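As written, the chain order gives the labels A, B, C and D, with residue 1 at the start of each chain.
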Amino acid sequence: MFKKVLVANRGEIALRVIRACKELGIKTVAIHSEADAGAMHTRAADERLCVGPAESALSYRNIPNVLSAAEITGADAIHPGYGFLSENAHFAEVCESIGVKFIGPTSENIALMGDKAKAREIVSSRGLPVTPGSPGELKSEQEAREAATKIGYPVIIKAAAGGGGRGMRVVNSTDELGRAFQAAQAEAKSTFGNDSVYLERYFLEPRHIEVQIAADVRGHVVYLGERDCSIQRRHQKLVEETPSPAVDEKLRREIGRVAVEAMKAVHYRNLGTVEFLLDKDRNFFFMEVNTRIQVEHPITEMVTGIDLIKEQITLADGQPLSFKQPDIRLNGHSLECRINAEDPEKFTPSPGLITRYSAPGGFGVRVDSAMESNALVVPHYDSMIAKLITHGRDRQEAMARMRRALDEFVIEGIKTTIPLHKRILTDPDFQKGHVSTTYLERFLAG
Amino acid sequence: MFKKVLVANRGEIALRVIRACKELGIKTVAIHSEADAGAMHTRAADERLCVGPAESALSYRNIPNVLSAAEITGADAIHPGYGFLSENAHFAEVCESIGVKFIGPTSENIALMGDKAKAREIVSSRGLPVTPGSPGELKSEQEAREAATKIGYPVIIKAAAGGGGRGMRVVNSTDELGRAFQAAQAEAKSTFGNDSVYLERYFLEPRHIEVQIAADVRGHVVYLGERDCSIQRRHQKLVEETPSPAVDEKLRREIGRVAVEAMKAVHYRNLGTVEFLLDKDRNFFFMEVNTRIQVEHPITEMVTGIDLIKEQITLADGQPLSFKQPDIRLNGHSLECRINAEDPEKFTPSPGLITRYSAPGGFGVRVDSAMESNALVVPHYDSMIAKLITHGRDRQEAMARMRRALDEFVIEGIKTTIPLHKRILTDPDFQKGHVSTTYLERFLAG
Amino acid sequence: MSRKKPRKARIPGTPIVLPGSFGTKSAQDAAAQTRQIQELIDLLKRNHLTELEIERAGIRIRVRHEIGIKTVSASVSEAGQASAPAVTPQAVPASDLLEVAAGHITITSPIVGTFYRSPSPDADPYVEEGDYVKKGQVLCIVEAMKLMNEIESEVDGRITKILVESTKPVEYGQALFLIDPKATP
Amino acid sequence: MSRKKPRKARIPGTPIVLPGSFGTKSAQDAAAQTRQIQELIDLLKRNHLTELEIERAGIRIRVRHEIGIKTVSASVSEAGQASAPAVTPQAVPASDLLEVAAGHITITSPIVGTFYRSPSPDADPYVEEGDYVKKGQVLCIVEAMKLMNEIESEVDGRITKILVESTKPVEYGQALFLIDPKATP
């Protein structure tokens, strides 16, 4: 087993990884930028090291400094968390080359899945359902036009290297295609340095369903149920839950089987998430694979009882999966609300000093956060400051628990999205499970 | 269902009950003494009311004031928590007579189980195993001498109305009996106002195993696994766990069956705990029934997923049990550490202002506490200020999680038992599960 | 201590007596104490507490914020030179409590119940604002568990304020009347 | 801004310059600012932080507590009359940072790596305490990822203190040398 893990991240996920390491008896090294000196994650670790100024490109994303930090502290593995270097195939490769274990999939896995068009192609070639779309990269507007006509409007143009909604354009008719294609290409180029785009059918009111999978070095792959992440604002998830109100046992097994096959096809290792789109007629289509631990992983932990971060670590160490498919039983229901330091109506960031912080507690309530009273929310990074997770015997109980936990949560000094979450949790459509990826937009407008 | 519940308690259990009511959509009334004005439980409730000065006899135990509080606030039920009025049969009876539901067993259940000797007699008469002892009250020293000779030394003399170690005397030989009998009688008289005593065999290094049961008005009784509460100091529990390392599936079913039969014999209603003594040869003996929710109930919630406080409320409302015996599956392992405001070596109380309070979080960690930064631990009541509960897939994981959670727990300004818990959690005997009710005494001496 | 008596009929109200001074030994001490009290008040407000009590070296300071009434009251009692015991389960005797207000005595409810200003719905109120009352005179009834508990005045004086409406619930220690003990008819 | 350069050989150290004053406009302002800084320092210490930065109405205050070195340093920079932007992802230019110490300049490590005082194990150290150095002179090497990065002095002056032992790891921004820029040979 690893003796010392360097955690190449900050905030709640860094703390989450440090906690898992402590429980496994592994020493930890925290890295931090100058803006994060004294942040909770640095105090929780056994060692800490400043790796650069506030800008993440010069600190948390600074590969030479991060690797030097591992070298001089004698860390034998690096956990990248999510964001930053977590889906950087080059970083994973360099780690491997200098003998520091990258806790995640192989660099080949990351590189392959990073090319969304190629990933779709491979999955499709195995006979698995992918969203109807162009087989690969669209070389020209003409190609795009032909593909769109074949698939049928509306379609969506996406950047191959994309994510987070950047480089995407919805096209409703042939008239709109030319301009949209050029705009998407330009945005892909400027955002990702790669103007490669592809095209898919655009679904109205689809659900975002993702399947957590885990794979060991022997090639065993297990799925751990799905997560419904349909509640998004500008492709940023706000509320997640498992099981999905739209997925029954039969559909769960089907989607799970597809996810496992897709991962086997690419010789996937460690943890990953296969994203699907579920349409109103319960057809599901492969979208992409996230090759990192995800923000919303705790809800899967709550219903399976399995610590996914520990599993990542033991899998990276070459150990077999600690469970087999029949061991995975989904107990009850779990919800997660992402609490962001943002104005709950205008969504403008609200960094600053937290003058009072008091997290909810009691049965079925979990808080993953690196905040506390008198902590400073620095403006340089992601605005998510806490994940509030509840678990109940059923969806009703998980929701009731979330409402009372949101009521208990005190964060003063900055604005947060807690009031928005309270509104969502009392919305009749949400309570009935009638949501899709367009739900929040309508909810906010209404 | 009840519209409004008055919570006749304070501290973490009052908050626990208020949380359950909120999740059930029931309004709450907090009562408090003058010393507790502004305590967290009063802020969490919908209404609050001062019922007397600091002394609990004049406030939390003041039956007229508590009932007046229910009357003037229009509460239709009272949850007594543990301690205070929770096992007062008279209080339960008065509640019933004025049409306010007492959330707990019937007053007859409480009265019967409050007489420990009589309870043993009834259980024994059903052919269920009770600790070998006098059949009922010992009228004279001569009766005690005869009973002890029949059972064999060592024996323990206990107050019939007793609890918490008061009025107990261990007798090793016939020479010691006379003095011990008189002393136990005198202490029973002065402590409980009743000099009735009985006598049982005294076991060396037994385990304290208790079974959680739940019963509805139709007479269905279900057991929810056992709790091992062997780690005690002067009969005060410090660490509890479930499942017990000493109980396997077969023994669990046997003890569970006995517990259910005993409760059926007395027409028990609502939640209760049947306490057993488990000797080194895995023989178990009925000791007594606790007719209240217990401090350590959360560990049972963690492994069953069932909210016991909500179950108390719905059962008191006359609803059927929300589960059947086959629904009860014990998932994983759970531990609880009681954090007391005490010197961790001398056990002297340490009331005062908590200058900084930061509770641990993350996966598998639950904190039940009504404390926060700048809260005052008043000297008038119980010293327990927090319950730290962990859950893991197995005992190893629950222990590792407890160690890291204890490391994370920050309580400044007063002394707490956290350092003692850290020592226990790293003790090889504890880690192997080799404990008994004499464990802590030896551990503290060693 | 009258406020500790269990419920029974004719329980006299608990007056809160206003002292001449905080009882400190010098002007310097007084200033330091004022600052300390201000700090406690700030702490109290900042933390949304309703009561805060500190006891150290024979000085006991208690700050209380009645959320309903929106006033801040502070009381100080000095236990002499001897250092106070670490644990003091006893409540402060009522006569040591000070009301930082306009020199009035407060009659508080010794029990939880329902406040009635008259012996029966169609009877006249026991007292009105502006009335002069004698020590021992019945001021009101607090009903609890069907028992009518008459609350008496403990001082001679003039009722300057009736703080609770008839038929309203009252908690333990709730202020019912303000009496000016210096007023004479 | 030299401190933002990616790793390469011969990265000059980042001096921290001591200013003449805090740059405030009047004595009154200065006093208010001192109080404010003191409050920040207290907040910092109370919360075991190592750094706290506040930006408001064109004033930027940054307080930092180097846990290793056990000194408290504070820096203030004024952005003029215009109200500062709410979000400032840019680091403060090095020349605006002030070291509240004995008038010395600190040479810090611009990268994470291993500190070496000499070019090879059997070579003499680049500099010793007491040496006079010229701007541009190599003071040490910080090795990272098998690359030797020479750290140069940015000023003329005398090495008054070497703060790190050879072969020890250093983090980004760690102080390596103190230089007295007023000293002349």
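Convention: a contact is a pair of C-beta atoms (placed from the backbone, for glycine too) under 8 Å apart; a residue touches a chain by one contact, two chains touch by 3 or more.
Just so you know, these numbers come straight off a predicted model, no measurement behind them.
A.B. asks: Could you pull out the chain whose C-alpha mean position is farthest off from that of chain B?
C.D. replies: D
A.B. asks: Any idea how many Å lie between the Cα centroids of chain A and chain C?
C.D. replies: 58
A.B. asks: When the centre of a chain is set as the mean of its C-alpha atoms, what distance in Å lies between chain B and chain C?
C.D. replies: Computed from C-alpha means, the inter-chain centre distance equals 37 Å.
A.B. asks: For chain B, which residues are shared contacts with two or more other chains?
C.D. replies: There are none in chain B.
A.B. asks: If you connect every pair of chains that touch, what shape comes out? Choose line, ring, star, complete or other.
C.D. replies: Shape of the chain contacts: a line, open at both ends.
A.B. asks: Which chain pairs here would you call touching?
C.D. replies: Contacting pairs: A-B, A-D, B-C.
A.B. asks: Mind listing the chain C positions that touch chain B in their complex?
C.D. replies: It is residues 3-4, 6-7, 43, 46-54, 64-65, 86-91, 111-114, 144-145, 169-174 of chain C that touch chain B.
A.B. asks: Which residues of chain B touch chain A in their complex?
C.D. replies: 15-16, 19, 22-25, 44, 298, 301-302, 305-307, 331-332, 358-359, 361-369, 372-373, 391, 393, 397, 400-401, 403-404, 407-408
A.B. asks: In the complex of these two chains, what residues of chain A are touching chain D?
C.D. replies: On the chain A side, the touching residues are 34-35, 37-38, 43, 49-55, 58-59, 62, 64-69, 71-73, 98, 349, 351, 353, 374-376, 379-380.
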